[in-house]
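Heads up, the next two complexes both have subunit A, just with different partners, subunit B and then subunit C.
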Partner chain A sequence: MHRTFRLTLIGSAALALASGAALAQNKYGPGVTDKEIKIGNTNPYSGPASSYGTIGKAISAYFKMVNEQGGINGRQINFISLDDGYQPPKAKEQVRRLVEKDEVAALFQTLGTPTNSAIHEYMNEAKVPHLFVATGATKWGNPKEFPWTMGFQPTYQTFGRIAAAYILKNHPNAKIGILYQNDDYGKDYLHGLELGLGKDGYKKLVVSAQSYEVTDPTVDSQVVNLKASGADVFYNITIPKFAAQAIRKAHDIGWTQVHLLNDVSGSVSAVLKPAGLDKSQGIITAAYLKDPTDPTWKDDAEFKEWTAWMNKYYPDGDKASSFNVYGFTVAQLMEQTLKQAGNDLTRENIMKQAANLKNFRAKMLLPGIQVNTSPSDFYPVEQMQLQRFEGETWKLFGPIFNADGSTS
Partner chain B sequence: MDLFIQQVLAGLANGAIYAGVALAVVMIYQAIDHFNFAQGEMAMFSTYIAWAMLNGGLPYWLAFVATVVVSFLGGLALERIVFKPIQNAPALSHVIVFIGLLAIFNSMAGFIWEFTIKPFPSPFPSAPLFGNTLIGTHQVGMIGVTLIMLALIWVFFRYTDTGLAMRAAAANPDSARLVGVRVGWMLALGWGLAAAIGAVAGMLIAPVVFLEPNMMAGILLYGFAGAIVGGANSPAGAVLGGFLVGVIENLLGTFVPWIGNELKLSVALVLIIVVLVVRPSGLMGQRVVSRV
Partner chain C sequence: MANDAQARREPADVLHFAGLTLRQWRWLWLALGLATAAALPWTVSNFTVFQFTQVLVYAIAILGLNLLTGFNGQFSLGHSAFYAIGAYTAAILMFHLKVPYFWTLPLAGVICLFAGFLFGLPALRLEGLYLALATFALAVATPQLLKYKAVEHWTGGVQGLTLKKPSPPFDLPLSKDQWLYYFTLLVGLLLFWCAWNLVHSRTGRAIQAIRDNPIAARTMGINTAMYKSWTFGVSAFYTGVAGALGAIIIQFVAPDSFTFFLAVLFLVGSVVGGIVSIPGAIFGGIFVTFIPNISEELATQIPGVAEEAAKGLTWTVYGLFLILIIYVAPAGLAGLLRMLLPRFVRR
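Showing the complex of A and B:
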């Protein structure tokens, strides 16, 4: 008993000495050694949202490439990605495991608004970086109250403000009809439009706002009401299934309008094809990533690099899926953050570096879009460009819009 | 006025969806005296089977008939394998098995065919009927098919020995057994028929709402509402109830501002409660009196 105690004492003294020497150059928080950095993640690999799971796989494939090329500052990335089935309670359980058992240095790209909401407070109480989350809700960029959480993509509000700027410039006398999902996601888009048009402008231009519940079988009745309201601009805030229904119904009842479709449902294969490509002509949405099915990028250097990466590291992945572009792009933000952190890999410094990305160009973002963060700006990507559906693909047009609707 | 007509027609189109599901619900209720909560998911699963056959290259009507047959046999098998062993268990056990089946069919469909929406072909031409923009040809066709199914069911129960035996087995199993009706197999037949009707409903609904594992979640509730409004033991009442729910829901949602689209689903639930309190047998159902 005594002996063991003494041995432990000597052992820990030696250890303290050794790590003291290391401390001179390297500062490590939990989850970091000379050889590796542990990064945690949850994704819906099963359940109703499992089509998003390919993002987690793409990120794993990206870090595999990074590791083969020597890692980041000589350290391998140990990317631990667990299934949460898109269920908030399960996400919480998995994240607890990642933080308390695996002791990851940071959480990266946890996917989903409800799932991230479930761990939002926990991460900030535990003071573990909760970085570049995969959701467009606006609440992830609130460094005052939640200094350990940061978003990634343009927020739903950003889209709303850009749509407002487009309407004000091109259709100043528009009569706007809105279809939106009656929850936080739908209201976030609605609020963005209201911010962009101004309170009075919103009152003046919006002639009808119809909501639907996810349990509704169809949105046909709502689309009929919108047509009857005389609206000539359609601000369509729906998830893929209802977006496809609304596109088809609007076409079938002969309602012609300027159709602004939220970027959530911008997928050609999952929305426009089921609705009918002939019924989707002229629809406008916004984008910030290069669409892998767009022939514009055929000879683009970044696109070629992405294709080569897909072939080598994620050969099973769908090369028509924008989710695989998304994973590839967001992983570069994590890589850049850790690169910048150098050998000071405490959780505090990882967070500090995440909030210190300056004009960082992540590959496969649209030309002209850059990543910028600061201690008061936790929205990494805030620019988007509009695109119109012509023939069988989206065609980009007009300038790059900033988050406030201004153009640069 | 134009808006009124459009909403009524859109309501009838939705009503046809509810009526199809309500028919399947009533069918099983006739046989086992319970509502089957897994009815919607069974119909969804049948529709996926049809989709897989169509993808495999079968012509539409062949896939349609094959799906109905497969669903019928599946329903039969389900009763024999799952429900026969628990036939004497209390109603609550049945309800729990229904809910278990609901979850199983839902996740199996997601596991096999994934959760992204799939377009499902319509057997009817895509050109609008008489060039109108009020109601789609598919919707009109769906109303027609629902009425044909109703007629077939009516003939079956009214004029065939098997139909009579089924009614007897449900109404009074003991007496039916005494006169030589094989009550157990009648239950299985009820399951088979309900599954087959559900399959037809599913294949007609999918072109409208797109095929995905959760496509029946909300619809089943409306189907229950339709069945209860019309009368849970009357196929004709169920169809009428389905159409009524579709139209009432749209009109209240459009013209009563404080209901709006947000309370549309609640309208269906309120209808269920009101009918159960005021007229439990529904519009066309027969009051069942049992001696205790």
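Showing the complex of A and C:
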């Protein structure tokens, strides 16, 4: 009797606990069922920026793999990716479709600065997670005003601060000459350098800052001016076409200097080859992803995994394209966020978990780089490592830099 | 006497179908169309309402192009530029000067009217394809100019400007999307009514006479230079107002929204709807808004094509739609209706 009573008591307590747990467990927001989670996305599959479209395809392929392996906590990922043609109005229409008609749980990796700008307010008004957007502008990590939007890659400012830290450490008496593109992208890089050097340091070290318009035919005269200013450190903020011109011109007029090239122009095939590999020796830039064409990673486990994944799930994809590494890496952040959310798949909790990634290691990030977010830190990847061009490839060197320029 | 009265009557009064004259049918269709348009926001979701608002905006822009190309015979590949000017006028007024959104429409229209007129003046020396090329230059240059340093402070540069979504006035029991729809519908009706009257007036006949035979028109005393320039201006006015409405419903403008591609979309909408037609512009708006989405949907349904590959096929499917319509309805959808009608009517 006594024993039975005790058993019943324990049994009912266990039952209460279990049902309590079950209640806490299955909390669903829009776009989530026991079987699937709907995730929305827009990418430029057509139009002027369609070369980026491979990122969306890579992410699709990644979720295909996740689904084949049983999904996330038993739920399949229904990744709905629509074409916006890099047109802001189209992006707005497609995103409204995703949110209001398809009722996705979250938006993930919408690509492009203008397209994301067009939906920025809307997403925050609709209170739908707008996660890990594919753009390097600084404005995506502003949780106070836009608590539903989060960036992904190191911002343009981050590179500026890292470059500043490098200069201060290795060339404290540098005379810096700057070439920058006169728009938000260029100014973001410039601002980062200024933050890193400090206002006074910036005034003291920078001897000349030359700008160009994206519509200019060449930057030759700016490079000549920089040489004439006596600068011995070249901070080069140019998109690929102008980067190649600047490298070539600097070499041809015999301006030897420490050359810091912004990371958006780090492509060997698009920048250094056209400029001439012999003229590119010793240039320094920063990176956060493993370059799939770099022989350093030939025997790397993550690289092998990436190659196997490409072969199986995205055989049409270009294995030399860093965009396919990018898609593979960023998709892991979304996967991790949903894993952490467990069975509480409300939009609030998805956002909360996205802002709670702790030392998460996404494959194909450079060794030592980790993903960290918090309710006040909406910049997931903030670390970069410097690399110097030697022979025919980039060679990583030095420590991993943090966003504030410190090293870890 | 009876014969005289008969002679003055238009075919629309004489031709019958199912007991009603064509004129009566026209009114009936108009009433039906209006009733449907008015009832629409109450039967579909806010998202669909938003899409139909876009249809109306495109329809107004396409109507502008129809007036120019269809009725006056001047080509333009540059209407994305006027759309951009309209959109930026509205955005700058709302963003920097805090002007209420409804006041931006007349201003955007008037600025475009003069921009179009001024562009039309030198362009007068250009005929046909040469004019098309000149306007093409305008379309290509505009996004670049919007990023120009001197105006960046006003235009927001590459980043563009973000606007606030207007709320319905007088505490009307409407959602914001419903209100924007009715607002656009009202503006659209007014503009369509004006276009209808313009085309069926003395001026309208002059405009069309210039298209049909410029020499004969000049011989009859029509100042072709003035008429052509002003038609260009009026056409730009329509597209500019549409641009302003577009900025208000999207709540964002950026140079990348107004590429040459947009000008081509207008032209496609115009030709598909029926370029020498006023109601045709509505069909054009529907096509421009919905067919890309339908194509994207259909591309994923093609058997044997992987999902990743299907992403690249959207515009192929779109192309097929386009070819199909050009074959079935060489005079546009409005033209198709007009062609089918005589088969059913009798005197």
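Please note the rule applied: the second predicted complex is superposed on the first by the 383 of 408 C-alpha atoms of A that agree within 3 Å, B and C clash if a C-alpha of one lies under 4 Å from a C-alpha of the other, contacts with A are read in each partner's own complex, and residues count from 1 in each chain.
Please note the rule applied: contacts are C-beta pairs under 8 Å (C-beta built on N, C-alpha and C of every residue); 3 or more make two chains touch, one makes a residue touch a chain.
Only a predicted model underlies this, so the values are computations on that prediction, with no experimental measurement involved.
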{"item": "Partners on subunit A (subunit B, subunit C) - clash or fit", "value": "clash"}
{"item": "Partner chain in contact with A:R388 - subunit B first, subunit C second, else both or neither", "value": "neither"}
{"item": "Touched partner set for A:L82, first subunit B, second subunit C, both or neither", "value": "second"}
{"item": "First (subunit B), second (subunit C), both or neither touched by A:P274", "value": "first"}
{"item": "Touched partner set for A:A228, first subunit B, second subunit C, both or neither", "value": "first"}
{"item": "Subunit B versus subunit C as contact partner of A:G47, first or second or both or neither", "value": "both"}
{"item": "Touching partner for A:A244 - first (subunit B), second (subunit C), both, neither", "value": "first"}
{"item": "Partner chain(s) touched by A:Q210 [first = subunit B, second = subunit C, both, neither]", "value": "first"}
{"item": "Partner touching more residues of subunit A, whether subunit B or subunit C", "value": "C"}
{"item": "Partner chain in contact with A:K352 - subunit B first, subunit C second, else both or neither", "value": "neither"}
{"item": "Contacts of A:K363 with subunit B and subunit C, given as first, second, both or neither", "value": "neither"}
{"item": "Contact residues of subunit A, present in both the subunit B and the subunit C interface", "value": "46-48, 182, 213-215"}
{"item": "Residues of subunit A touching subunit B in the complex", "value": "46-51, 182, 210-218, 220-222, 224-225, 228, 240-241, 244-245, 252-254, 270, 273-274"}
{"item": "Complex contacts: residues of subunit B adjacent to subunit A", "value": "2-3, 6-7, 10-11, 13-14, 17, 110-111, 114-119, 128, 133-134, 136, 205, 208-210, 212-214, 217-219, 221-222, 249-250, 253-254, 260-262, 264-265"}
{"item": "Complex interface listing, subunit A residues touching subunit C", "value": "43, 45-48, 53, 56-57, 60-61, 81-83, 85-90, 92-93, 96-97, 100-101, 113-114, 117-118, 120-122, 125, 182-185, 213-215, 314, 316"}
{"item": "Interfacial residue positions of subunit C with respect to subunit A in the complex", "value": "45-48, 50-51, 54, 144, 147, 149, 157-160, 162, 165, 246, 250-257, 259, 261-262, 292-293, 296, 306-309, 311-312, 314-315"}
